[in-house]
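The next part holds the structures, each set out as structure tokens.
Next, two complexes with chain A in common: one pairs it with chain B, the other with chain C.
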Partner chain A sequence: MELFVQLLANTLQIGAVYVLFALGLTLIFGVMKIVNFAHGAFFTAAALIVTSMVPFATVELGVPLWAGYLLAAFAAIAVVLSIGALVYSIGFQHVLKDLNGSFILSIGLLLILNGAYLAIYGGAPRSVPQVLPGTVNVFGATLTAQRLALVIVAAVVTGGLYLLIERTRLGLALRAVAMDQEAAMLQGIPYRRVALYGFLIGAALAACAGVLMAPINAVTPVSGDEFLIKAFIIIIIGGLGSVTGAIIGGLFIAMVESVGGYFFDPSTATLAMFILVIGFLLVRPQGILGNVE
Partner chain B sequence: MWNKSFGVWVCVALAISSVLFALLATNGYYASLLVWILTNAVLASALRFVLQIGELNIATAAFFGIGAYTTATTAVLLGWPFWLTLLLAPLMAAVLSALFGWVTLRTKGPYFLLVSFAVTEVIRLIYTQTNVIGGNSGLVGMFPPMAIDAYYPALAIALLAATLFALYGFERSDLGRLFKAIENNDAIPRSVGLNVVFLKVLCVVIASAAVGLAGGIHAYANTVIAPSDFAYFVAVLALAYVKIGGEGHPFGPILGAAVLTLVGQWVAGISAWENIFYGAVIVMTLRVFPGGLVGLAERARGLVTRSAR
Partner chain C sequence: MNIGKCTRPLGAATLMLLLAQAGAAQETLKLGISAPMSGSAATWGLGMEWAAEQAAEHVNEDGGVTVDGKTYNFEVVTYDNKYSATEGARNAQTMLNRDGVKFIAGSIGTAPVRAMQALTERNGVILFNTAWGKSVKGPQFRYTFTQMNTPFEILEPFYSFIKEQHPDLETAVLISPNDATGQELEPVAVETWKSLGVEMLASDWYERGTTEFQPIATKIASLDPGLVDFSAAPPTDVGSILKELDVLGWEGVKVMTAGTSVEALMAVAGDAAEGAYLGASADFSSDSATEVQKKLNAGAREALGEPLNGITISSYDAILALRAAMQEADSVDPEKIKDVLPSVRFDSSYGPSGFGGADVYDYPQQMLIPVIVTQVVDGKAVELTRSNPAELEALSND
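This part shows the complex of A and B:
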């Protein structure tokens, strides 16, 4: 029982970040029909900004650590939104619905951004002091307070996104565009503006993941790229463009990773994940919740 | 005078002079640079070959690696003869790509793109986790036999150029037309009784055999291979060559590979800026001249002929 709870807790910890990351990717795909390989760069930017803002706020401004972290979080999300708006206007708005064009464009942007991070921050891993020290005991499983907070915040953000998509006018527009862009435009939905909002929401989700991960893992200029391949597997399993699919897929992959990592070793878990994906493709090429065109 | 066969003869002349150059060059650096350019040209042309059926195959990088690892493993660990190790590279790539294609080509578009990406990264992970083939540090010491060593760059160039001509030949053949028909609308070839999945797999197998051979040649040319040489990024660069050279013409990827490899030699070593440079080149090309260098040349020729009239 205790082992079960511990593995469940691990799954939720890992899964929380995967879900946020994959949600952004799948949302951008749904609205723009492109695969954003530069998505990891949003994650990395946010995490790097947190690592430099927290020391600045606590030392230079003299605020307590938690306030410094919150300040850094807002700054990071704001900066990522500006980067997102910039790359959208330079590039992505010209390659809407062009899979190959957007792939190479996002790779080009990824190179520029990663190069810029490397030039600004250097390649050494950077870290943030523990924001919430101590551990919490939940049903016999031990969790660091920080990771528990991560799971809670990620759940709240995911819930917020779900409400946004299901309950608001913008959400309705996003869903309409994802379903059929031309029909949506005929109903008077401004496609380009909705695509921009979808892109920015996706970027903000990656930034949230980056902000949450910064105090837990050391950050390097390529941190975000490590999540990218996992996120791809997640959205293949969940179905490209499906929000629920990304949540299910994220938790599923996190479960494979934590259970496989416990009983075997991490690399076996990664291979198992891959074999599952191949098996999946044979049975259901469009993912759990994907639609066939 | 400027017709299709004239262009082919120019390419034959280029290939022969490259081989002669490698035979006569006193400075080994330029010969090996030429080998590297042609290796990249094969990668880019193979990527474009699969683009004919409308799919972006990131696993081009993986099959390049499989070719290199096949040659390196059989040469270094098993000590098999040179020609056999070189022959096994395209064979192994072809067999594994048939398996890969059979499973993954049921999907298309974004799904195929993502799956081929995942396959590439996972195969790289397998290399790093397998201690027999050197784990993270890879394999060292693939040397051509003494008798061939001095001529190896010339041999490599000849084989790579022949591979490029073979890909061109396939593209111009009836099979190539079928591939294009699949890209346009795969329901139509299916409606006349063609096995579309089989044809798609065949297309991937041909391209993978080409990069597999390039991988084997690369193993001997470089004498050192490591898992990081075969990350998805290899395919990204190949796509950059295709896009910058021009997707619409078989010579585009070759031109793109030549230009970017040469420029890459110049920016290499300034790591952060190397990334920024490649990124900026890719973004600029897409935004400013989407037809690539060949597209630019064709537009310029159009202007000249129009003003001549």
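This part shows the complex of A and C:
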């Protein structure tokens, strides 16, 4: 029994970040109808900024670690939002609903940003001290306090996003644009502005994931790439453009990784994910909750 | 007319200047490095590049390499191979075809090295490497030379020493990166542990680039082995697994066969790395280190923030071997140098050295250096023991 609780805890820990990351990617696709290959670069930017800001805040400014981390988190999200606004205005707003154009643009942007991170931070792995040290035991499963906090924050952010989309005017506009852009515009919804908001929310979600991961894993200038591949798998399985699908897909992939990694090994679990994607593309290409277009 | 009078001498002068520069450029030999400069193994690439630059600087300050009446200086050019075969092949293309590199002073990773060999052997380019796979060696690869100890030199003395320290050790789990390096190391590791009476409970694989290690840590903890061998995993990945194992309460012997950078390990694992045995690290600040190694180590600490290890210092030794071979052959022709290298004697950073390993690889292309076992004690690599291969002993006694 304890083993299954531990595997469930592992699933939630891994899935929490996957969900946040994939939500941003699927939201951008839903609203803008583009696939953003540079999404992982937003995640990486936030994580890297945290790795440099935390030592600065704690050593230079003399603030406690938790305060330094919070300061770094806000700074990281602000920087990512600025980068997001810049690349949207320079590039993405010109390729809305253009899969080919957005593909080329986002791949180019990914190369530029990865190159910039490498030049600024170097290639060596960077780490941040654990903000919440110690371990906790939840129904027999052992996990670090840091991981538990990550799961809680990720759940709160996901819940907040769900409420924003379901209960606010902006959410209504996002959903309307995702369903039928032309019909939404006929109803007076400013498509370009809504697309910008959707893009920025997506970038902020990637930044949140990066901020939460920084104290847990080593951070490198290519950290986001691994998450991007997983996020594509998640949104293909969950359904492109579906927020609920991204949540289900994220937790499902985390479960495959957790259970497969335990009963077989991590390599087999990774292989299983790709086989699952192939299976979905063959049998149900729209994913679990996606719409056929 | 006046313009012509002015431009002709100016053109001639420019041409002469260009020719002079071309002449000067011919006296600089580019030495390539193809190593991971980003990702979890970046500490290896960054250190290797730095050590190569120190060796090149040392050779140049000594007046360069004079062969056949001509003096050559060394210049290091580095490319990020991201520990992948694709990037290894791309680097080889760029080095050979664009930069005209004839000597590669360091290359990390069996898969990238294999990819490079396809070009270097065909084009007659000397390829020094740290690949742990046996498949990159043999009489068919006469331009390829290994510049550090590999599992076939390390495992037997390394594992035997650990077993001596922990005679009650009965069970182990092996976790290997799922690439050419891991695949070639795994059967040798399993067999060696078996020969020492240690039962292998599981031998699992993970993909390089993996970020989540809780599932494998959960599995290891539930198997509760006496020892976990992290095979060819880089320090950052090992650190992540050790941290998760620590959370799950596993306590046992930690073995990093490819264990090198204690700083990178500690940065991720913290106290969870304490006591880990390292097979490819070294304490180059200890009394057993040579003066050259102490100086290099101190420089690396200052420049990179961490000391050198068995992998990173290897480019320094490769360049010294190359210089000796050039002088011995009285040529910079790789064709002649590859014939001289198997029998050349040179002063490596460890002391007198040469190449051997014909008994294992059917061709003497393995650099002869001591096998050093270290352990993480108070966050630092402390040397526990060292042993010289028989061929190195014989060479030293000559």
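Just so we're on the same page, the second predicted complex is superposed on the first by the 293 of 293 C-alpha atoms of A that agree within 3 Å, B and C clash if a C-alpha of one lies under 4 Å from a C-alpha of the other, contacts with A are read in each partner's own complex, and residues count from 1 in each chain.
Note that a contact is a pair of C-beta atoms (placed from the backbone, for glycine too) under 8 Å apart; a residue touches a chain by one contact, two chains touch by 3 or more.
All figures in this text were calculated on a predicted structure; none of them were measured in a lab.
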Practice problem: With the two complexes overlaid on their shared chain, look at chain A and say whether chain B and chain C clash or fit. | Solution: clash
Quiz item: Thinking of the overlay built on chain A, is A:118 touched by chain B (first), by chain C (second), by both, or by neither?
Solution: both
Quiz item: Taking the superposition as given, does A:245 touch the first partner, chain B, the second, chain C, both, or neither?
Solution: neither
Quiz item: Touching A:267, do we find chain B (first), chain C (second), both, or neither?
Solution: both
Quiz item: Between chain B (first) and chain C (second), which, if any, makes contact with A:90: first, second, both or neither?
Solution: first
Exercise. Based on the superposed arrangement, let me know which partner A:235 touches: chain B (first), chain C (second), both, or neither?
Key: first
Exercise. Considering only the touch criterion stated at the top, classify A:109 as touching first (chain B), second (chain C), both, or neither.
Key: first
Exercise. Determine, under the contact definition given at the top, whether A:257 touches first (chain B), second (chain C), both, or neither.
Key: second
Self-check item: Among 217-225, 253-261 or 271-279 on chain B, the segment whose C-alpha atoms clash with chain C after superposition
Solution: 217-225
Quiz item: Residues on chain A in contact with chain B in one complex and with chain C in the other?
Solution: 118, 267, 270
Quiz prompt | chain C residues touching chain A - in the complex, by the definition given at the top | solution = 36-40, 42-43, 45-46, 80, 82, 178, 204-207, 209-216, 218-219, 222, 236, 239-240, 247-249, 264, 267-268
Quiz item: Can you list the residues on chain B that touch chain A in the complex?
Solution: 51, 56, 103-104, 106-107, 109-111, 113-115, 117-119, 121-122, 125-126, 129, 236, 239-240, 243, 271-283, 286-287
Self-check item: Residue ranges of chain A in contact with chain B within the complex
Solution: 29, 33, 35, 90-91, 94-95, 99-101, 103-105, 107-116, 118-119, 229, 232-233, 235-236, 240, 267, 270-271, 274, 277-278, 281-282, 285-286
Quiz item: What part of chain A is in contact with chain C in the complex they form?
Solution: 3, 6-7, 10, 13-14, 118, 122-127, 135, 142-144, 213, 217-218, 220-223, 225-227, 257-263, 265-270
